[in-house]
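Listed next: structures, encoded as structure tokens.
The following pair of complexes shares a single chain, subunit A, combined with subunit B in the former and subunit C in the latter.
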Partner chain A sequence: MPEPFATWFPNVANYWSTFLESLAATFQMFFIAGILVILIGGAFGVILTITKPEGITPSKPVHMIFEIITNVFRSIPFIILLIFLIPLTRLIVGTSIGVKGAIVPLVFGAVPFFTRQTESALADVDPGKIEAARSMGSSPVGIVFRVYLHEACPDLIRAITITAISMIGLTTSAGAVGAGGVGSFAINYGQNMHYQDVVNLCVIVLLIIVSLIQLIGNTLSRATVNKELFHL
Partner chain B sequence: MKAKKLIALACLLALTISLLAGCSSSSSSSKTTDESGSTSASTTVTTSKDPVKIGIPADATNQARGLLLLESAGLIEVDDAAGYTPELKDVTKYLYNIEIVPTQANTLVATLDDFGASCINGTYALTSGLNPQKDGLFTEVQEKGSDNPFINVIVARTADKDNPDYQTIVKAYQSQIVAEYTLTKYQGASIPQFDYDPNFTVSDDFVDQIEGYTSSKEGKKVIKVGVCGTGDVWKAVQKQLDDTNSGLYVDVVIFDAYNLPNEALNAGEIDLNAFQHKTYLQSEIDSQGYDITAIGDTASAPLTLYSKKVSSVDELKELAGKKDN
Partner chain C sequence: MIQIEHVKKTFHLKNSDVRALDDVSLTIATGSIYGIMGYSGAGKSTIVRCINFLEKPDSGSISIDDFGKVTSENGKLTTERDGKTVPVTEKDLRKLRRSIGMIFQHFNLLDRSTVFENIAYPLKHTGLSRGEIKEKVLKLLELVDLSDKKDAYPSQLSGGQKQRVAIARALANSPKILLSDEATSALDPDATESILKLLKKLNKELGLTIIIITHEMAVIREIADRAAVMENGRIVEEGEVYDIFSTPQQPITRRFVETSSSLGNIGKLVENHTVSLENTPRKKLIKLTFTRDSVGEALISSVSRKFDVDLSIVLANVNLIGTDALGGIIATLEGDPDHVSQALDYIQKSGVRVEVIDHA
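Let's turn to the complex of A and B:
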């Protein structure tokens, strides 16, 4: 460890290995839950978009069910959700504590948010293009992949960026179920021990992560405007 | 190009704000301690009519302790029928003109300037530089071996309470090295509740040595222990376990909140937990139906009444003034 680091952050230096473990826990939760959220939330968003009355395959009951699921889970505060989902978490991954136990509530917490983001991104797709694809005989699946997801690509990347950053926020609560992470480290070793340097470093690290995600998101979203980056 | 510059600017701005916030909070707290001496004279005059605010922890069991502490300090009277767990509604009489304000336990130190006095848990007080022996007005009395229900315990599932490995861990906790670590690190804010030799000397870097102690789980039986807070004391326990060749490895699982370690223990996701006193354990067993039981005493963290406005309980009473009921 470089010398100035130990003078600036003396308490972090003492707990260096604990800090690294907490960083690892945050990244594990973020990536595993994040991928699931993009897949499940994306699917939910597409289903909500195509089943609404003016969508390409209108279906009132399906639309209602997904609408209700999304609203219910959006209204539960995350820290309550963590505890509320314990029985289900145990059923799915076998334990309700640690990184594994935090991933299920993280997915449940972030999927509804990403669903709404996806829905709003897809709503901006020009209806004329959908109509054109349909008149040329495209199937609903074709329209979803070749029109909706293709046209909305920059917006979807922006939505993923926003969701990813809000998920970093959610992972900081996961310490409640013993999952560790940067947030838990900041609370237990920083705030409660009154080691201000620990809190400061955690804030800086989170800031760097958030800035990086935003930078990557902005770059990708600009690169995909009207370009065939992803051939779907 | 423009966007890149903006992002860099935003990063820089956020960085300076976070750093400033960090620095200012520490400097402001030290400033207020200097000033409190000069402002206390004026507050004595002006607040004679408003009730003096007393902060107590907001969570149920610590709140009960806070009320009992205020009762033994002679500020209030509490209904005896409530036993060890009175609530705010069980306060039968305010002897002095005070208002009791429940506040999140870990923020009581930061808000001490805003209260006439506050009941603060030893663990939170000491880490912020408040020493119960030097700065406290009045401290909870906790005698070893008494029926004091606020002694912290190691808890196991009732079915496993005689498990020899768990007994080994209790024995390792109740060892001289753990007592020395607890007393040196917490200086009276946490007191071991088992037999130890109080006449000991440790080297200056003893605490750092313990906290830097690492052990490998290879070839050892792993015992998962749920704790709240840092769990550093378990490094001393691990050292004792290794020194006695017990073949056990303590895997510490840190929980941020009190509501889960018992749930996780009851469900068999951890083997032991150590974060609560007997009263909290009993209330959890009663309300949640957990089949868990205490298998050993660890330490107690007395609650102390602190103030930045007055320096004794008598001065606090004078500041508040008698209340006519």
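Let's turn to the complex of A and C:
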């Protein structure tokens, strides 16, 4: 441990391994839940887009069901959702605490958000492109992957960036109710033991993570406007 | 041959129903260039979208070579196969669409794909190997004269080049029919010219049947063989392009024809009192139309010599319809009343159409 670090963060130095463990737990929750959110939320967003009355496979009932699911879970505050989902979480993963226990509510909390983000990214795809694809005999699946998702790529990256940042927030909130991670480290050691330096370090680390996500997201998004990232 | 019979289509909007197609029948010969013109909302886009079933007609039938006759009843499509009436599935329609190319006003290319990838789009997942696709795309690029832009992205191309890419893409599956939806309307005159030339070439070399919808008369004049004029979901006039231009029957057709001829300016001249509409026995404002049989005659000078009248030209215009000339002159005819009426008779007999203009 370098000298200045121990001076600035004396208490963190004492709990260094705990801090690293909580950081790892945060990343674990973040990545596992994040991938699920992108897959599920992305699928929801696509379904909402194509089942709209003017979509490529219009279906009122399907659209309504997904609309209701999205709206219901989006309107529940995350802290309430955490408690509300405890029985379901136990049912799915066997526990409601720790990293495992946090993933279920994280997914439920972030999917509606990402669904709406995806929907709005896909809505920006020029309907003319969809029509051209239809005129070339593309199937709905082909249109989703080869036109919608392909053309919306920069906007989707931006959506993923925003969702990722908000998920860092949700992950730390989940820490407050026993999920572990940086959130619970800040509460258990920072607040409960009155170690202000612990809180300070958590803030700094989160700030760095969020900035990095934003930077990577912006760069990738800009790099994919009107071109492919890798041209094979 | 494409045969459209009694096709009807109504769009149900929130507050009203819009009758986009009201009993439209059309026959388009194989290998021809067919123009459909009309103002926006006339139904011309809807009718071409019915040909590849991007829009499903409410009723009527459409028959296309190689695909057979598809009949619609209340939006349900059926066709005859082996003597039996069977429903037309989405899969059938996708197959049909692959045999009909379509190009658009705003090109509708994929912005995140290169020119090559755009043209390869309809070829993928059709069972062709990578090598076969590459060979085909390169051939198409050559056809539209864009071989050097293979790896460019659409954002790096001009409007005319984008439309060329779109044409190559539309032709990828070697269709027999090409639908063109206002394909030149977003282009500058030079690009329009070059795209029209390309379409003409494709029509000649590949025997492609091209259906062009446009609000620009000049486009129809330049390349179409036959044309239809649409208004309020109906076809109000149909025929050889030359006839439509030389003897327009309907008011809307006349308005269209005027937009492509400087004779349409007579209205403005009258408005500005440069020309008077007051016809007297001594002085008349006349419009002469020279069709392909009479276009070479020295009518004006011979009339003024023979009948001792003054013919002074106000406006004159010659258009090329395909390869045939169509001339028009607006002139004042002045002289002794007897001579004036004799002159008018003479002109009429000479095969030049003459009208006395009494309203602009």
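For this structure, a couple of remarks:
Definition applied: the second predicted complex is superposed on the first by the 227 of 232 C-alpha atoms of A that agree within 3 Å, B and C clash if a C-alpha of one lies under 4 Å from a C-alpha of the other, contacts with A are read in each partner's own complex, and residues count from 1 in each chain.
Quick note on the criterion: a contact is a pair of C-beta atoms (placed from the backbone, for glycine too) under 8 Å apart; a residue touches a chain by one contact, two chains touch by 3 or more.
All values derive from a computational prediction rather than experimental measurement.
With subunit A as the common reference, the superposed partners subunit B and subunit C fit together side by side. Between subunit B and subunit C, B touches the greater number of residues of subunit A.
After overlaying the two complexes on the shared chain, residue contacts for A:T224 are found with subunit C alone; subunit B is out of touch.
Touch criterion met: A:V147 reaches subunit C, while subunit B stays clear of it. Shared-chain residue A:N188: touches subunit B; no touch with subunit C.
Of the two partner chains, subunit C is the only one touched by A:S139; subunit B is not. When both complexes are overlaid on chain A, the residue A:L36 reaches neither subunit B nor subunit C. In the superposed model, A:E131 lies in contact with subunit C only, and not with subunit B. Superposition on the common chain places the nearest Cα atoms of subunit B and subunit C 22 Å from each other. Within subunit A, no residue touches subunit B in one complex and subunit C in the other. Against subunit A, the residues of subunit B that register as touching in their complex are 3, 7, 10-11, 14-15, 18-19, 22, 25-26, 106, 109, 123-124, 127-129, 208, 211-212, 214, 226, 228-230, 253-257, 259-261, 263-264, 267, 269-270.
Here subunit C touches subunit A in the complex through residues 52, 54, 90, 94-98, 100-102, 104, 106, 108-114, 121-122, 124-125, 151, 153-155, 166, 169-170, 172-173, 179, going by the rule given at the top.
Taken together, the subunit A residues at the contact with subunit B in this complex read 14-15, 17, 83, 86, 90, 95-98, 173, 175-178, 180, 184, 187-189, 191-197, 199-200, 203-204, 207, 211, 214-215, 218.
Residues 126, 128-129, 131-139, 142, 146-147, 150-151, 153, 224, 226-228, 231 of subunit A are the ones that touch subunit C when the two sit in their complex.
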